[in-house]
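Have a look at this one before I ask anything.
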Amino acid sequence: MSPSNTPLVGLVMGSDSDWPVMKAAAQALEEFGISFEVDVVSAHRMPEEMISYGKQAHQRGLRVIIAGAGGAAHLPGMLAAVTPLPVIGVPVPLKHFDGMDSLLSIVQMPAGVPVATVSVAGARNAGLLAVRTLAAGSDEHAGLLRDKLVDFQTELASAAHAKGE
Amino acid sequence: MSPSNTPLVGLVMGSDSDWPVMKAAAQALEEFGISFEVDVVSAHRMPEEMISYGKQAHQRGLRVIIAGAGGAAHLPGMLAAVTPLPVIGVPVPLKHFDGMDSLLSIVQMPAGVPVATVSVAGARNAGLLAVRTLAAGSDEHAGLLRDKLVDFQTELASAAHAKGE
Amino acid sequence: MSPSNTPLVGLVMGSDSDWPVMKAAAQALEEFGISFEVDVVSAHRMPEEMISYGKQAHQRGLRVIIAGAGGAAHLPGMLAAVTPLPVIGVPVPLKHFDGMDSLLSIVQMPAGVPVATVSVAGARNAGLLAVRTLAAGSDEHAGLLRDKLVDFQTELASAAHAKGE
Amino acid sequence: MSPSNTPLVGLVMGSDSDWPVMKAAAQALEEFGISFEVDVVSAHRMPEEMISYGKQAHQRGLRVIIAGAGGAAHLPGMLAAVTPLPVIGVPVPLKHFDGMDSLLSIVQMPAGVPVATVSVAGARNAGLLAVRTLAAGSDEHAGLLRDKLVDFQTELASAAHAKGE
Amino acid sequence: MSPSNTPLVGLVMGSDSDWPVMKAAAQALEEFGISFEVDVVSAHRMPEEMISYGKQAHQRGLRVIIAGAGGAAHLPGMLAAVTPLPVIGVPVPLKHFDGMDSLLSIVQMPAGVPVATVSVAGARNAGLLAVRTLAAGSDEHAGLLRDKLVDFQTELASAAHAKGE
Amino acid sequence: MSPSNTPLVGLVMGSDSDWPVMKAAAQALEEFGISFEVDVVSAHRMPEEMISYGKQAHQRGLRVIIAGAGGAAHLPGMLAAVTPLPVIGVPVPLKHFDGMDSLLSIVQMPAGVPVATVSVAGARNAGLLAVRTLAAGSDEHAGLLRDKLVDFQTELASAAHAKGE
Amino acid sequence: MSPSNTPLVGLVMGSDSDWPVMKAAAQALEEFGISFEVDVVSAHRMPEEMISYGKQAHQRGLRVIIAGAGGAAHLPGMLAAVTPLPVIGVPVPLKHFDGMDSLLSIVQMPAGVPVATVSVAGARNAGLLAVRTLAAGSDEHAGLLRDKLVDFQTELASAAHAKGE
Amino acid sequence: MSPSNTPLVGLVMGSDSDWPVMKAAAQALEEFGISFEVDVVSAHRMPEEMISYGKQAHQRGLRVIIAGAGGAAHLPGMLAAVTPLPVIGVPVPLKHFDGMDSLLSIVQMPAGVPVATVSVAGARNAGLLAVRTLAAGSDEHAGLLRDKLVDFQTELASAAHAKGE
């Protein structure tokens, strides 16, 4: 896993077995030229590093966190509890329940601690949501990203349109 | 429903019957001093206005959209399809299925069009997620919001702590 | 995908990856000699063309729309919002949840905007329902179709009967 | 329950306890001036009358059947098996499972025998779908209905719009 | 499918594609020397023969009916509506929903019309339940069957016990 | 709870809190003049008496057992494991999950040990299924019961028919 | 909430709104004379205190932890991640999904970090499981508890038996 | 299956087909040097041996029972009903429903009879929970186990950490 330099997005997952799902987030970030870092940060196996990761994230310059986890998927919610950054949660489907357990464990957060949840295995959308979040800013980079997103939507339409012909 | 001036957040819902759920988002935005507007924008009953709303949102200066809907809840996803802004979806529970239909209709978006989904009836968290999104920017306002969010988390801890005594 | 001439039925789907499911609708229409057209019309990737498609459908002479979609399946409901034609929705099962998300996203429409939903992957029945709809008219063609449907049911019985011997 | 004269739509239900849900279909038909009849026709308690009802429906001049049922809701599917008419099924929620059993029992029909299923307790939409079906014909009445449906959609938009002000 | 002579049990299914599941019922009946007949009787494709089959079943000497069906599985319930015999329903799993739709369509019968439902794909247990039903009689054959069932349970225990060693 | 004399049916439940649901079984048996006994027999709180009850049931002259239980509903299956009699299971809904846990715990029995499961809270149908089981015998009483059941079905049809007028 | 002295069991919950459910655990512990402490320890609102609580628990002499939480219920699993003590998780049902989200978030833990999960709202059983855990020891107190548990089971049987008379 | 000598843990399952899932419990026990025995004990096929096993377990020196079962999974709950020992239940997924039936049948126990339930197919965690239970005692062995568990958690963190590099 190759982190980019001066990352704006922290892309973390509970286990390296989540990577085949999560790499689609990395790819989306690359398409938009967003620098990011990739890490295994397990809520259950390295809880204290996980807390540290979350607490320091905004101090290190990260502006969005994408967290993937499966089953009793605590990572996105626990990070959201210790960072002021927006946390995007990706429910990773495990062997049973087709990701329904992952989805509910991530999305059903109590009032006060939001997680921006995407679809089961929806890592590409997590990456795109991170781009939209960065594009929601007021600086020049945000403006450029917003333009890129509008172009991206135009391309989606063209590609979809082409398939119907 | 009283919109604030020069809104940064567009708070929309498919029906005014969603307001008892959605007003918690408005309240969270007010707590953080975020200007916002409130509208009924129905994907199914006024689809063209809905498309227009979505297309013009970022041009009008909105930076985040919060959309609540129930049942076959198409509003958040349709808005996400026509705006480059981050769209936060709130699954509103209707009379049957306890919001499960709303949740799946909102969260299971196809690759390319993300919706940042919060919990069933989780409008307060939608508001807080909008705040985090605005706080992820690089300008001064973002920095102030980020500090407020850190304070907010400290207060959550204090309040929770107090209840245990 | 080969559309017939002067189509009565518009057969659309959110993605060409839905075709392996949806082609059974085309086949049913062909068995009854119903002219139809086939298109990829994505609610999420080409929302404005989708709205146009729906708005013009009855003006172009279409009398029934069959729409297949998966996951947060917004296509059938959005078309139903902009056309006075009956819209038949086919829940296409995607990789997770076995089509339950598709089913709920299609069937749980709000009052005012009906979608005639068939079973998960039930495209053949969507085609047959379109035939029944056309056969419910008062003209000669409808009468002929109705007779054909009665014959079709007799054949179903014979075929089922033969299997038991 | 007061049937209209020369009915075009047969509105049936498995039990008179379904009437509080099903009457919204009657009301929708009345709004569009569609003549209809109302009957209790139980698949489980009067199976032979049910078969007769279905077989004679199109001979008596009915052009659409709306059938509501709950639990192991067999009525819509059994009628669809013996009539060439389009059958619209309304899943009536009973005391347990919130209508999920009714929905699956109605929508998951085998290939060859379609039921046009609407949402749980979605009787109003069943009525509107019957209107759309009649409006899909080629005669003058159909054309008038189609115009009315377009007006109806305009009114939906106006009403929804008004709520946002 | 080879029916025995002077059958006591009618083993029916909605489609011959159910036979791979349903044959385990036949095998259980054979193990206990119960005569039975096998037929394809489809509620949806041959509804009138189905009604006839059910109405005549007890007159022809059948004493138990086993009916397997999948999806909107109407066969067991419809047979139960027209026969005074005990009807045992086997939910056959189809391609989607893992048999949950079949189970709910069979088990959730309204008061007045019971179906004795076994597990998803539980055809062997359907056969054994037919044996228990016949063994609940007061005649000599019933007594012999009851003794056989007690022996059968002893053998189950022995076989299970042997596996643990 | 008043047992009848020389009972043919054993009506048991895991807790006396199940009685409001289960009494409908008693009432159905009374309507058909079937003698029965009522007992609280808990699989979890009095497992050894439960085993004894099951083992002796057929020796005491019982010919059918009806067992109601909720949650992790083990009573019907455990009785089925120790008696050769047909056991009818009634899923009693508890405070959570609307009886889905009770249903799955009762119906999903392993091969070899069938339980005849009825609908959630379907105690009346459990009583009627016991009647059908006794009516499946070859003696005079069975013949009389069978005639009564045919009459009963005729009355159901009349009553349903009357409601439609 | 009144903690006992020199506690063996730590009874914690994510919010004081969980107390109406969780107090049944306290009552069970009191019945067996087990000393315990009660605290609000929120995984999401006071994550660092929560980690500290878990890490110090066995050092302070606690021997079992009971943790109740609802929705995306992270408390039991996070405590289990930082303590070597057995952690018993109680899924608290919130307003939606009837505790299914709480159950899956607690029980579906990854390999390496077990949580002993009881039924939805099953706090009394959580207390009794803590007693059984303490009774599984090798010291005199454990032996006395084990005897008490055997007596308790005898009383359960007597009470259940009495209800059947 | 090779039992160790002087077992502290009884590892049982309803069928030897459960062994591929359950062996992970055995492996976890071996890693911590816990003696255990392995047996097939079927609630449904050998109910009386099952009761005996449960009643004698603590008298034979067992201190924890691990029980795996699938479908209508009665084994863990029935053992819990007859032993004062902590019983750990492992929901074994069978061919349908992905273990949801197994999970609900095990976890939804009535008040008075707790089962410590782990995740679907979570046998490794069942073994680790047994270790934690033994480590909760007050004797020297418990202390050593507790230290081992702390080391084990440190190793989990190291292993997880290494994967991120």
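Lettered A, B, C, D, E, F, G and H in written order, each chain numbered from 1.
To be clear about the criterion, contacts are C-beta pairs under 8 Å (C-beta built on N, C-alpha and C of every residue); 3 or more make two chains touch, one makes a residue touch a chain.
If you're wondering where the values come from, they're calculated on a predicted model, not measured in any experiment.
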Smallest number of contact steps required from subunit B to reach subunit G: 1
Distance from the mean Cα position of subunit H to that of subunit D, given in whole angstrom: 53
Subunit E and subunit H, separation of their C-alpha mean positions in angstrom: 36
Per-residue overlap in subunit A, given as positions that touch at least 2 other chains: 15, 45, 48, 71-72, 81-82, 97-98, 100, 107-109, 112-113, 115, 119-120, 153, 156
Pairs of chains, among all present, that meet the touch criterion: A-B, A-C, A-G, A-H, B-C, B-D, B-G, C-D, C-E, D-E, D-F, E-F, E-H, F-G, F-H, G-H
Sites on subunit B touched by subunit C in the complex: 14-15, 43-45, 47-48, 51, 70-74, 77-78, 80-82, 94, 97, 100-101, 104-110, 112-113, 115
Partner subunit G, residues of subunit B touching it in the complex: 93, 98-100, 119-121, 153, 156-157, 159-161, 163-164
Residue numbers on subunit C that touch subunit D, as the complex places them: 24, 58, 63-64, 81-82, 84-86, 88, 103, 107-109, 111-120, 122, 124-126, 128-129, 132-139, 141-142, 146, 149-150, 152-153, 156
Subunit H contact footprint on subunit A (complex, rising order): 1, 15-16, 39-42, 45-46, 48-49, 71-72, 95-98
